[in-house]
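Got some structures for you, see below.
Same chain, two partners: chain A is paired with chain B first, then with chain C.
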Partner chain A sequence: MNNKNEIDSKLVSSYNKRKKRKVLGAVGRNLGLTLYAVFALFPLLWMVLCSFKPDTEMYTTVFRFHPTTANYSAVLIGTDYFKAFYQNFVVSAFAVLITIVAGVPVAYALARYQFKSKESVAFTILSFKFAPEILVCLPVFLIFQKIGLYDTYFGLIWVYQLVTMPLLIWVLRGYFEDISVEIEQAAQLDGYKWYEIFLKTLVPLVKPGLVSVGLLAFIFAWNDFTFPLILSGSNIQTITITSLRYLASDTVHYGQVAVASTIAVLPEVIGCLFIQKHLVRGLSFGAVKG
Partner chain B sequence: MPTKKSSSVNYNEIPKNIRRRPFYIIAPGMIILIGIMIPFVLAILLSFTNFSFKSITWHFIGLRNWISMLTDSEFYHALLVTLVYGVSATAVQMVLGTVVALLLKKDTFYSKILKVLFVFPLMVAPAIAVLIWQLMTSNTVGVLEKFLNLFGVFNFPWASSYRTSMFTAVLIDTWVNTPFILLLVLAGIQSLPKSPFEAAQVDGASAWFTFKTLTFPMLKPFMYIALLFRLMAALQEFAVIFSLSKGGPGDSLMNISLTAYMTAFKYSRVGVAMPYLLVLWLIINYSAKAIVKRQRKLARQAEGL
Partner chain C sequence: MAQIELEHITKTYGDKTALDDISLCVRDNEFFVLFGPAGAGKTTLLKTIAGIEFPQKGLVRIDGKIVNHVEPLNRNISMVFENYALYPQKTVYDNIASPLRSRLHRESEEDVQKAVVKVAKMMSIEQLLDRRPGELSNGQRQRVALGRCLVRTPNVYLMDEPLAHLDAKLRHFMRSELKEMQSAFNTTTIYVTHDYTEAMSLADRVAVLNHGRFEQTGTAHEMFYLPSNEFVAKLFGEPEINLFPAELTAEGGSVRLKAFDGEVTLTPCADVVPELEKGAKKLDVGIRGNDIGFSFQQEGRDWIRGTVYANEPIGNKVVMTVEALGTKIRLVAPNNTKAELDQEVYLRFNEKNFIYFDYETQKFIVRSDMDRYLRS
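Then we have the complex of A and B:
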């Protein structure tokens, strides 16, 4: 009888202890998450807030101010920011387009065909990603000036292939490998040529992956800094380079800095919402199939 | 029955047009990429010349650029900055990313929302991230200054002091890139098998013991992939540092990329800049190979568990 009571009380105290630990764990977990959330998200919130702050209240107020859109109109109408936005869009979009046309077949070949030095071709493509951008830029700068590609759309789009193509090839190779060979064989039995099989059955099957990796490649190209810094001058401007000028001028209009960054970030944040599912796979070049 | 060689089709041999097909398929992509990689060969050649934007003529000067680089204290300083920046940024991000990923492990409403929101900074261009942080850290309009004032800290110098510029750069880099580690580790967590953990629970293993002997070893392959991509990028970081302070104040942030850029474009000495970049490329290539080798071993181990 006595013994049983002892066991009972032990059980109760162990249960209580565990319950306490569980509550404490949940509190600690959410506290940690909230702390990191503040670190990760507050700068973005602050940026948006600053973009609506009038210049007169910039230095005196923190959170409470009279919102205005004066900064937006100043940046969009008064400066060539819109031009940079447009040109950045053209360069990135065409870079991704060319990458898709030339890169999807490469990904397919690397996934399906067995040929000599296949792996070394694949790793050479990957090594482009790890080559320091400046190392590539400097000689390209010299050549481009010689052959007249410096500060042109074509030149910049070509160099951007180093950013977009390895990404697309490596990620898409994984998607092609996921498709079973039987589908291809069935189509072959039906009398389709290899390129018909490729275009009519395989490309539609990898389409979700293709769209998301294309979008990611676009974001990478959009964000690139080193290539446009060195390889473009006054003709072609990208957002990353143009935005820096708002800070470099003598009288810094912080409101305009905020507007410039808000507009640059907005398309990417919206874009990344669409590719949540494929993000891990894309970011890790297909190494992690999240 | 012994087969005889005949003029008929040999079905064991793949026809030439099919054997060559993959090469045709990859040709356009490779031409685009290789066209842009020709400059790499040029880079090696340039490192043996006294090429400069200032003079039209140039000639080969042998190993002089290399020798002068190796005897220059500027080079060792750049190397040190590169390593300090690369290693500290990567280390902070790895720890922070892994910890937050583990906190997000439990599926609650809150963590589901945060998983989406946490990705945002990763999408921000490094140059834009610097702008955003200038808005935060500016001593006149920045909210951080006002926050630090509460604790009695006034005019924290951030990027304008020799002693805090490295901290500021690493902070911005961490803000942008921690979600990358976070996402990869989270993907690793979601792929963990259930049964070993149930077994551990039945055996009464403590949380720490489970983490040390099960979770962590199984997550290691994922962390190594994250490490590979982060370290390679952090060692050659250019955008963050250039936008923040162009390597200054003084030479506090002059890593190899910045030094080479300044040598080439500010002082127009292209030939002198090239050995720096080639050394950087060697460092990156070597460490990438080492990490990939270790990752493969760990992935095999994790599967064998």
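Then we have the complex of A and C:
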């Protein structure tokens, strides 16, 4: 009897110990994650702070300053920032749209069909990302000048495919390869046509990947600097190029740059928050299992 | 409700031949079982009929019409896939309802619901209808796949090992259910399995496939009693048939078989002798485990002495492996048989049940009382 009580009390104490360790572990984990979040978000926070600082206090590193909205009015009212924002959005959104419409079938074909030099084609597509953009830019600039695509929406959207397409094709190819071909065959025997199978069965299965890679492609397109710098002039101005304007030759208006960046970051942040659920799942490859 | 005909179907993958000049006619309303070891080409054959795989040579006919160029969806075929091929993003209900919602076979939602619930009841998965395939066990997934196949009444049901992942009891139940359904629905079914009991219990006819060729086509009864070669003989029956080489000799006018390096002399039944004398002298003799008598005492001069190598009770019978004459002989004993390992045991072959094969070609020659087996 005594012995039994002893064992019981030992069990209880070991259980308590384990519970305590579990709680401590959770606290430690969360503390670590919080620290990391602060570290990761600090540049963003600093940028927002800078956007409220007057130019004179820009170089103080303490958090005390006289907040002002002068930067905002200078950027938003004084310049055609909104036009650039709109144009940037149009270019990026259409670039991603075309990438999805054209890239998803390509990814499917690369995953499913056997054809000659398939791997070479896939690798060539990936290799578009190897060359530095600036290297590609110069010949493209000359060509665009000749065929009249310089400084047009279409020209930029087209050349953005270099940025967005390889990414989407390679990620989605992995997704399509994970879907067993029998699922398609079953759908065929169920009486569905090929486009119904593609849209109703396959696209939902690759959706997590599609959404996250679409967002990534959008971010890359939105933030791209080299292509619009060289391939667009006064007609089409993206935000990244417009922000250059606040770097005058004599002074740098850091406050105004900060405003431009803060607003430019908004669509990306909002997009990320909206599809957070997909983002985590979608980027861990091979999430589709039968 | 259709007759399936295959004419000289050949299918290769690269330099590997999956189907080698296959011809087959599955009659209307027949329950046809394709049986064979893994990699024999059973699944490829099913997919060829379904139109998912395309043969390099040969014709596929459904109801007399050549369908080589008909899309799978227009062949009106329903299939259970070996790996289930369920739609992961859909619930069990939607999975089963899927064939009834396609443009081709569309029915009103009310009818769909009736059909799905009926099928789910039959598969006893009605409590799982809201789950997704990812949340099911393999046996449950298999039942969902079977449900999706059975919810519609097509020309042909193609079933690729539909019971392989069910537990033994459920498998038994589903087997009788399928048989029952087959007679109620009047549809042609082609069924793939590698379980010989399934093949024997379900099939109107069986085809044994090996390396992309048919070894034998016929009733399960024929497969068991009149196997066309040693391969088929080994596939049917548990424990596996015992095969041993023997030589035909004439001793003082009567024909004898010398087996086990001449240590044993057996006398073939009179009715097989003419057939045996036509062929080669070297034979393989097959005898099934339940045609071997055994005793723990020396009963007579013609009993063969051996020792017990293994004794496996499997419920309704005991499979005993006896080491004798340098080989292992498997026999079936009554379920109350107790035996120590290495215990002495005496065997007697029942000559009436010998199946004779050619030693070289391994092809069937004859067995005693052929007429009886051919009749039934």
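Here is the rule we use: the second predicted complex is superposed on the first by the 212 of 290 C-alpha atoms of A that agree within 3 Å, B and C clash if a C-alpha of one lies under 4 Å from a C-alpha of the other, contacts with A are read in each partner's own complex, and residues count from 1 in each chain.
Here is the rule we use: a residue touches a chain if its C-beta (ideal position, glycine included) is under 8 Å from a C-beta of that chain, and two chains touch if they have at least 3 such contacts.
All of these numbers come straight from a predicted model, not from anything done at the bench.
Look at A:11: by the touch rule set out above, it reaches neither chain B nor chain C. Touch criterion not met for A:23: it reaches neither chain B nor chain C. Of the two partner chains placed by the overlay, only chain C lies in contact with A:186; chain B stays clear of it.
Contacts of A:37 after superposition on the shared chain: chain B is touched, whereas chain C is not. Considering which of chain B and chain C touches more of chain A, the answer is B. In the superposition on chain A, no contact is made by A:266 with either chain B or chain C.
For the contact definition in use here, the residues of chain A common to its chain B contact set and its chain C contact set are 288-290. Interface of chain A with chain C (complex): residues 180, 182-183, 185-193, 196, 201, 204-205, 288-290.
Chain C meets chain A in the complex at residues 47, 50, 52, 71-73, 77-79, 81, 83-89, 98-99, 102-105, 133-134, 148.
Residues of chain B that touch chain A in their complex: 19, 21-23, 25-26, 28-30, 32-33, 35-40, 42-43, 46, 96, 99-100, 103-104, 106, 110-111, 114, 116-128, 131-136, 138, 140-141, 143, 146, 175, 178-180, 183-184, 186-188, 190-191, 222, 225-226, 229, 232, 236, 238-239, 242-243, 257, 260-261, 264-265, 270, 273-274, 277-278, 280-281, 284-285, 288. Interface of chain A with chain B (complex): residues 29-30, 32-33, 36-37, 39-41, 43-44, 46-47, 50, 58-59, 62, 98, 101-103, 105-106, 108-110, 113, 115, 118, 121, 125, 127-128, 130-136, 138-140, 142-143, 158-159, 161-162, 165, 169, 194, 219, 222-226, 229-230, 239-241, 243-244, 246-247, 254, 257-258, 260-261, 264-265, 268-269, 271-273, 276, 279-280, 283-285, 287-290.
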